[in-house]
Amino acid sequence: MQLRVRFAETDQMRIAHHAAHVVWLEAARVEWLRERGLRYRDLEDEGVSLAVAGLSVQYRAAARFDDLLDIDVRLLEARSRRLRFGYRIERVDGADRATLALAETRHVPTDASGRAVRLPGEWLTAMRGWLEPGPAAPDV
Amino acid sequence: MQLRVRFAETDQMRIAHHAAHVVWLEAARVEWLRERGLRYRDLEDEGVSLAVAGLSVQYRAAARFDDLLDIDVRLLEARSRRLRFGYRIERVDGADRATLALAETRHVPTDASGRAVRLPGEWLTAMRGWLEPGPAAPDV
Amino acid sequence: MQLRVRFAETDQMRIAHHAAHVVWLEAARVEWLRERGLRYRDLEDEGVSLAVAGLSVQYRAAARFDDLLDIDVRLLEARSRRLRFGYRIERVDGADRATLALAETRHVPTDASGRAVRLPGEWLTAMRGWLEPGPAAPDV
Amino acid sequence: MQLRVRFAETDQMRIAHHAAHVVWLEAARVEWLRERGLRYRDLEDEGVSLAVAGLSVQYRAAARFDDLLDIDVRLLEARSRRLRFGYRIERVDGADRATLALAETRHVPTDASGRAVRLPGEWLTAMRGWLEPGPAAPDV
């Protein structure tokens, strides 16, 4: 999943603000699902959300305005009450790639009122088929 | 440091989006410094920034629109090339308080071009006097 | 209503990004209502939202990180299907005040599904009592 | 220029927050320039910014999470000290298109310190060649 750093995402250090990365991770998760034939919108329409319960990011190098980024997403853990994703954010510049950040998010399926629920069976089955070995959580 | 959850910070789960917490942590750091007589703006004017190099957040309960939040900040580590802060975000409702999130950030002093530098001596000395024992990093 | 410009709200021009002002206007509306004994949260809980249907902002001077801002809100028009607010954003620096922006928003009461509805009678009556003469819409 | 509404851009009305549109307009301007062979990043590197001096948006219909949007940009006015762009934000759903918002922004070229300057001649010449007749400012 590729995206460009928006001007609004920069701060006065002339780099992308560190909270922007958190938004990019989410956008990358949504596209990762879409590539597998699932729309997160549909899951929400069924009344299930994947609430973020944990987040860690290791920032290695700055992202700058207009940089083209590539976000690699991996599903590290898939249980009925717990999902865990790993991410690598890279800057793409022609043939060059530089790792800007590593991250991990942990999710809990919830219903519309925010209560923890089990992930619907078909989603869980699908998810398990997409598990990928990944690096350990970033050292924050 | 207290703040109110803004409407713009909510998402369609009807809770504050998890990236908003990251912005609140930063605002709380700035106020924590101000209470100690330092303005982060002055540090930046001297050409030194405290770049965020690591971030971890454990989300325990949702923050909602218009909730009044109290953010407790502690300086956990103060070295010339590394600062570490711990945070507790609580919802305040009259006499009741509920912990919504625990977090930690790690910082590297940088110059205006983003290169790692040593924290100016007077800042480091002051920081060391403000160290507080704190809980271990949240289990993300 | 006073607030401080957050670091996350700056951009690489070293000023507050122009979209931040839009968020501040909303926060100021919510506080304006609270000062009059109404919580916007309660209106939403009754199933009524004040959807933004129009927005104009004239930016006169930049807001910078850590600036203390004062936002003056006036209700310019109150009809069952149309509300209009005017705003003046000022920077407060001791006794000095400088106008940074003028703005106006137009709102349509909607139900939870987004359909236009009439503003509940008690809200409309209250609103009418708070009408204030204000300047014409900013010249954008 | 197309983009997808991000989850983080929604609010508890279950629609994209009205400040998100302002960020989209900016992203669309940057792409509009890129399609014409100019990178806004290069202009900034030359020390010239196109500060936003005026903004108006007319919101006609809600944008929702995951909607695919198409933003049409037109340069309405190009003078050495004043640029004006018009926008139409549409939702694209297969062959269907619906107008969600009309907008206009006015810009003043500034130097790095925020002072108004003249637009560099080569930029102004290029800009004049891209002027397009457009609709009048949206009725906010």
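Labels A, B, C and D are assigned to the chains in the order they are written; within every chain, residues are numbered from 1.
Operating definition for what follows: a residue touches a chain if its C-beta (ideal position, glycine included) is under 8 Å from a C-beta of that chain, and two chains touch if they have at least 3 such contacts.
Predicted model only: the values in this text are computed from it and were never measured.
When the interfaces A-B and A-D are ranked by C-beta pairs in contact, the top one is A-B. Using mean Cα coordinates as chain centres, the one most removed from chain A is C. Each chain gets one centre point, the mean of its Cα atoms, and the points for chain A and chain B are 22 Å apart. For this pair, chain B with chain D, the centres built from the Cα atoms lie 33 Å apart. Each chain gets one centre point, the mean of its Cα atoms, and the points for chain A and chain D are 28 Å apart.
Within chain C, residues 7-8, 12, 15, 19, 22-23, 26, 44, 65 each touch two or more of the remaining chains. On chain A, the positions that touch chain D within their shared complex are 4, 6-8, 22-23, 26-27, 30, 39-41, 44, 65-66. On chain B, the positions that touch chain A within their shared complex are 12-13, 15, 18-19, 22-23, 26, 44, 49, 51-59, 62, 104, 106, 110, 114, 137-140. Touching chain C in their complex are the following residues of chain A: 7-8, 10-12, 14-15, 17, 19, 65.
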